[in-house]
């Protein structure tokens, strides 16, 4: 676990990076100084820290999307259905007021009890879920409502019907639509950010991540099963591919880490929501003055810069 | 991390010799055996039963574009190892081995060319390089192919063959989904076109990003084209899978592709689409 | 064609008297009997079983908007008879009869109003006027409602109840589909919003045009919402129809509407949506 | 049947009307003169004429969409699938070259023999067909390809699955998309233009109609069954609601009538295609110089002007 000092440091760094992204090089010296400190700290992230984040990100009492909706939005109105085939309960989407402004919010939703979990398919969406998400994003775009996405899924659902209805294409098109939106967009990984089913909702101007969330190309178990040929080696796999927030920040994949209450978001959902609300507000306030085409240009440039090669 | 790089000048020296005298290729469909040179003559399609063998990137390019027209781009890009990834072996070893085995620097080759005299950009994946997995270099090469197509005002022909994102690059591999999609959107905003050809297999992150975004999507016969592989689906759902689960023909029936094209007809189909999608008057 | 018009000043004189002393309304679901004034108090919902009776346009408006806030628009538009249409009786007779029976000039009433103090435009259909069929006047009124909403910068709340396009106006009735859709697109381009409320029944051309294009689509419980009616579907396909074929709840399950809203909660839901969809700062 | 003289008159009027629409009032005197002649002629259209058109529009040998594609387009490439659920064979869509330019073409397709008819569902599309059409229209829009639609359907399919998958919404959205396109668009009713399933492909800058095609709000049999309570009264119904081309022209619903070979299009498909090609070329040549936003504005204004009331 990061200490309070580290978190403040990272938060500050994240904020400076955002400003920097918007305002050019004016703060680069300070960013660099903080970056150096951060790198030192990051070295100290142990495999145990990473596994603890995996466990907290999946904690059965962790607040889910609708727990945040309830605490952060007024006048919430959930919108249902993909207008073609189904209403996928693994993704929720709707309109609400966030500190006075109408926003659209889209996120995966896990279930709390077993009945709810089955109804929500454990937060694993079918193509119909992504199509609902896209429909609501288009609605937001038409009305100039900012878009907030909350990402919390073990992955898009791997099923026969899901494939038949075009899971790959739906995920691809959700990414593509988000690259075209002309509104301010903010994503936060609030639990499990599992694979393409997660990034499909996170091609946004700002990508935030809660302190104990994870964001990864494959689940630790899936990775272990393939590379170690033993799903039991999940902890080893997680240590190798480093899905924790600090590493995601370091790699430039997320722009800021949203602190959680001591012990994890589930220990105090109200406080966790307050901290998340602060981060979203700051991001929106930075983004709202930027012209739409400029937002879109920078958003694409941000993602096009991701990767390490020689 | 320079250990992951192989000097281009030596790659062909260290690549395996063409095995002209053996019959190392067994058709998984009809059990016939073929030498490499036999299959080269048939575009790596079994003359007996029509099974489409996987095709290496350079052979694919040669089969698609006008002879001598291909000019490779970004050939010297090589993967880094951002996570110091080590499973049973270091990622850097796996990269070096893949380069030695395939003679390629990465799982994708890009460049510009002409097809039946129509100019285009091409990006071709090679499954034999680490399962055609998409890491930072594949993402970057594909994105540069989009830019090159946009700059030249020509369509991009993409041939995909990939097991998905490259786990060894962790979250950065996942970020190649939004990255390549953003590049496609930039291409489309510039009035460009994307012709996506699905070769066996195209799964996971590649299917869930650029490969699905073609203005036109073609697929080779019997190519696996699914987000999740059949084994994962079977294990997750415990359902009996349909025989043609995820195959081109099934995807065609379900409305995800425009045409299933046998390899012998691919070039003619691509040429026709290039004529249609090239900007009028160019 | 002036025979089809009834002077507005006499319409209420000729309209049927409120039948305050009889029990003319039988609930089709539970067979309870009610006087009009009893059902008016419950918004025409059966107090016994919850069945939603069809609601007249003026009662609907009164139930939705702030008292005294409604200002009707385009009230004097009347149908012509472009084809000189005569089936078992002349179209002009049917129009006159509908006007006498309903006290309305057409199957739709439009105007501006406030709901919980939020300004909006409303368009409300009345099934009792020739089955809520859409002819030139319904199309024109709806289009004017779109324009009025756009000019005022307020959302449009549409309540539909229609058997479809009005056959007696022939091809011009069909043209009300593209016409109303074009008007919705003009409204959307102006930044306006459309809240579509589906009342029983909304079928055919109205469902296939503006009623499906709401930014948000609400429906009353058990309302029939289908392009083709159940009888046509049954006759065409010889299939046994599901019990809830085409009903709101089925459409909700299949992803076509956002919420099934009992009439008693409709006003509150509309008010919330108006707060959300009104331009920020207005 | 209209005489040759009438047809020439109508053709000329249609062309003048188109020019008029584009060029203001400069030709209004001539248009009015022709209009008066036309009105006189229209009075002479008998119930028999109308029923003959119904029969010819449905003639089993009448050329269908792909018969025209084959004769009018080079390099035809059919595009398949709605990218969500199915490829509906009742609608064909694709790209081809029409006199040198790439165009997108979308149309209903009936089957010739019984197997083909079943495969094409007699030209009655499910929502998936309209979604395929929309996908190809969007492709055309992105690439500035003109759109040609050929309308030939008894109506959208009335089935349980069609309703469950959103037939009404799909038709509404197809109309809506056509109202947003920023490319030249031309529709021709080439056989049966049945109800919303037909107009869903015909919200275009120019709407043409073949001489013996019909365009109607409901089938004659359907109208008869409802209003006369006897489907056998179809001929009476057709006479009452007048789905023939001349009446559609008179009401301003179509902009021009495309002549057919003597005896109907089926007597000489090559000649029918030549005449159709001429009409499409003329329309496209008029539309291509018009700026995209102006096309869209006029297209909406055209449809918003339809209707008769006091």
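The chains carry the letters A, B, C and D, assigned in the order they are written, with residues numbered from 1 in each.
In this section, contacts are C-beta pairs under 8 Å (C-beta built on N, C-alpha and C of every residue); 3 or more make two chains touch, one makes a residue touch a chain.
Note that the structure is a prediction, hence the values are computed from the model and not measured.
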(message) I need the common contact partners of chain A and chain B, sorted by label.
(response) D
(message) Nearest whole angstrom, what separates the Cα centre of chain A from the Cα centre of chain D?
(response) 48
(message) Could you work out how far the Cα centre of chain A sits from that of chain C, in whole Å?
(response) 42
(request) State, to the nearest whole Å, the distance from the C-alpha centre of chain B to the C-alpha centre of chain C. (result) 54
(request) Find every residue in chain A that makes contact with two or more other chains and list them. (result) 83-85, 164-166, 169, 173
(request) Pull out every residue in chain B that's touching 2 or more other chains. (result) 254-256
(message) Taking the top-of-page definition of touch, could you list the pairs of chains it picks out?
(response) A-B, A-C, A-D, B-D, C-D
(request) Could you pull out which chain D residues touch chain C in their complex? (result) 156-160, 162-169, 171-173, 175-176, 178-180, 195-196, 198-200, 202-203, 215-218, 222-223, 226-228, 237, 240-243, 247-248, 251, 253, 299-300, 303-304, 306-310
(message) Looking at the complex, which residues from chain B come into contact with chain D?
(response) 188, 191, 193, 215-216, 252-259, 269, 272-273, 275-277, 280
(request) Write out the stretch or stretches of chain A touching chain D in their complex. (result) 83-85, 127, 131, 164-166, 169-170, 173
(message) Help me check something: in the complex, which residues belonging to chain B touch chain A?
(response) 1-2, 5, 77-80, 82-83, 85-88, 135-137, 139-140, 143, 165-179, 181-186, 203-205, 207-213, 225-228, 232-233, 236-237, 239, 241-242, 245-246, 250, 254-256
(message) Going by the contact rule set out above, which residues of chain A touch chain C in the complex?
(response) 75, 77-87, 95-97, 100-102, 128, 132, 139, 142-144
